[in-house]
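In what follows, chain A forms one complex with chain B and a second complex with chain C.
Here is the complex of A and B:
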């Protein structure tokens, strides 16, 4: 029941997107693909898809690199300060988004990055890196420190140990973090509204405007695609981890 | 192989005044020890006596608080773990789970950038040494405990280290397998000629495998010697009680340790005047090959006497009065009382 409540808003987008009418409405027995056809033939919508995709992938790559490095650094150095540093790095998750948005706005103006890809990627990366920090730290907590000692004992310098022993062992956490980072950026709207204007027009941004300015059912079609991509990303990660589990099982 | 050529001339370790503090706690306390090249030396001691700490300092994973470690006369205090070239078999093995057995064994040569063909040949050789030729392409998770243990050994020996450190390598195996692997380990030690520093808290393992044993207690060396020396001539109460069993007899001139199997026992009055003590059998425990008799002696602690079951010449029973006797050399006078 609760689950239904959670998914209902998402599911409503599906019938609405199939309405033959020119305004947001539930279809009454007659369905049409016209809004999807419009969505995929409109240069504006297509460009928003591409922009969101570029920003989300870049964010995922950067946030994963930074978050993983931070997690490993904090795992290595166990001093009384490392927990403070960790709490500090997790702040973006705790601070209300609207405040982060204003902060980014003020920060990006002097940098000249307002309304640019770089600005959005930077902001999304700051928001997403803590997610990676969390997932990778969880993997590291399960990592047997004796493996690192074994690698060093066998003559491997720190970097080799990192690449050949530590990273392969925490790969699931890195993948999960990358996925979360991608999804965070892919449907981020609050910060995006503050720091983009005309040049960069992401998918959620265009949907937001679509709802405010007219009641074009194309927004519903876009929502369906947005959700589908998110679900797709989850499905890919589920299949990957399932395959890993299965090969592990076969090996046993 | 380069190391293989050099290791015959290398592998003598000297610990001098080696000390490790954790805060105000002293885990290893001023240990002086000369480990001979090619020797099988066992560190034996109860839990918390500092065995692992000592080994980790030799391996380079723990800083030294005071003292020094010398390899063939040269200090290695400032050499980082990855450049000490000591093999190590970790408790729990620490095999790399995502690599095959072959990749695990070849790892040390691989990170030393040896040619592929050389690595493959050496891995084959090591697989043969530990009798796992069939298993090279499996992952560690697909092996039994005993097989994993042998992979860990092969991995640690693959780069022909002058010294091999082993921290309770058989701790996770069941008793029968332990004895089997003990024999293999001894055999491998003889074949490779590497110095083995072996940590255990199993006294039988220590007695049966070692050239020399170091008994440790509270971070100090309690006694050092060959298994036979330690068993026959324990110097302290702790050594006598920890390695094998002992009865402790208080005599006018000090305390003596007396092994239960060195005591003769006969029904009361049948020892023709050579009896040293008389008592009553309070309990008999049957262990197959031997029976342990607890004898209550007036004015003393109970004395344990081990008798070979097949002998049991007098069909001794509980409650029976008995004479106890032993030869002059059987009782060892302890120094610490």
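Here is the complex of A and C:
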């Protein structure tokens, strides 16, 4: 029951997005797709979709590369500092976003990267990399270090061992991390509010404005699309992890 | 081979890129904020003196603290019942419940806040249905006040409370509870005297986590509070984007940062931090 309370409220966006009226309202009897039609034909909304997509994909790629390398590195070193470094690298995830926003704002002004793709991708990558670090580390925890030793003992160079032995075994963690990084960037609003203005106008940013003005049902349609994307991402990850479990069973 | 004293493990080479990025583009600017709090507009502790010199600031801090405390209480209470139900459900239901939990985790905070805006408004679904069944005659004011902010925040925080509690409850030895029942204790007694104390570490970790996340929460208070409920995060954004008052903003940010770090340190004594983020324990 309580779990329904967690998910259901968000679904109110669905009926509201189908209202035939020009203002935010529950539809009474008749439904209309007009707000979706507008959403997918307005140049502003379309450009926001594209911008958010570009930024989220770039963030996912960068954060996954950096986070995976760091996770493997931390897994390999046995040093009293490694847990300290791990805690430090996780900081961007737990420090309130408003503080991160302030820090990035301060950083990007002198660099001239305020309101640019590069600035947003940089900030989102720093925020998302810890997620990848966590998921990949979880995968590595189940990986038997003896496999790596065996590969090395059989004469494989470090790079081959990494590519042929380690990476295939932690693929689910890497994949989950990339997905989380994508969603984080795709949804990110607090930092984005500070470091973007006119040139870069992401989807959450446009929704934020719409919500504040509190009149246009297009926001409801956008919310429905966002929910659909989240659910889709989830379905993909569930299918991948199930396939993975099945192949693991067969191998046993 | 790896632990050869002074030799630097090759693993560090893999850590280096992310470490450098975080140091240069995150830790550096954060340090800059701390520095600003004592140097802008003029060197000294003038920014911190404002805390007790101006009533407005004190009021904002108090509002933030109060809202965070109430949010924590309700989120953890709800989260506890959810986690309890999940641990004691059949394996298949457990899987479905976990999916629900994770989905709610990842649905955009904007979407959820927007949904509450629709539900709680003057002509929102909640008011209309309560009027329809004759529960109330006048619409209840849910929004632009603390009630709305609390509803939105609790709703957002419950999944965060569930995860540490779940991690904790799953490690409990159920035989202890069975033993308690066998020795003649009632179900209620077993819960209050055995189960609850055993889940105390999870409860504390969940409370601290929710409190930490609530402290800096921006989106929901800003939208559901409608400018009437001013919390620290929103005040910081006004200082930066409207009045361009870096000193005060940096001072509040510094205070928030140190509160969060202190609470994190406290939390790390109760559980492995990474376990609280749904990533599972990392060794």
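As a convention for this text, the second predicted complex is superposed on the first by the 245 of 252 C-alpha atoms of A that agree within 3 Å, B and C clash if a C-alpha of one lies under 4 Å from a C-alpha of the other, contacts with A are read in each partner's own complex, and residues count from 1 in each chain.
Criterion: contacts are C-beta pairs under 8 Å (C-beta built on N, C-alpha and C of every residue); 3 or more make two chains touch, one makes a residue touch a chain.
Source: prediction; values computed, not measured.
Three-chain overlay on chain A, with chain B and chain C fitting side by side and no clash. Of note, the Cα-centre angle with chain A at its vertex and chain B and chain C at its ends comes out at 90 degrees, rounded to the nearest 10. Contacts of A:36 after superposition: neither chain B nor chain C is touched.
With both structures placed on the common chain, the touch criterion links A:72 to chain C but leaves chain B unconnected. Within the superposed three-chain model, A:201 lies out of touch with both chain B and chain C [touch as defined at top]. Of the two partner chains placed by the overlay, neither chain B nor chain C lies in contact with A:182. When both complexes are overlaid on chain A, the residue A:156 reaches chain B alone and has no touch with chain C.
Annotation for chain A, partner touching more residues between chain B and chain C: C.
With chain A used as the common frame, chain B approaches chain C to a shortest CA-CA distance of 5 Å. Looking at chain A, you'll find residues 158 touch chain B in one structure and chain C in the other.
Interface residues of chain A, counted against chain C in their complex, comprise 2-7, 9-13, 16, 24-26, 66-67, 69-70, 72-79, 85-107, 122-123, 125-126, 129, 131, 133-135, 137-138, 140-141, 158, 183, 187, 189-190, 193-194, 204, 207-208, 211-212, 214, 219-220, 223, 226-227, 230-231, 233-234, 238.
Contact residues of chain B toward chain A in the complex are 59, 61, 80-88, 90-92, 94-98, 107-108, 111-112, 138-139, 141-142, 155-156, 159. Touching chain B in their complex are the following residues of chain A: 144, 146-147, 149-158, 160, 164-165, 168-169, 248, 251-252. The touching residues of chain C, counted against chain A in their complex, run 2-3, 9-19, 21-22, 25-30, 32-33, 36, 78, 81-82, 85, 97, 99-104, 106-119, 123, 125, 128, 155, 158-159, 212-213, 215-219, 223, 232-233, 236-237, 240-241, 249-250, 253, 256-257, 260, 264, 268, 273-274, 277-283.
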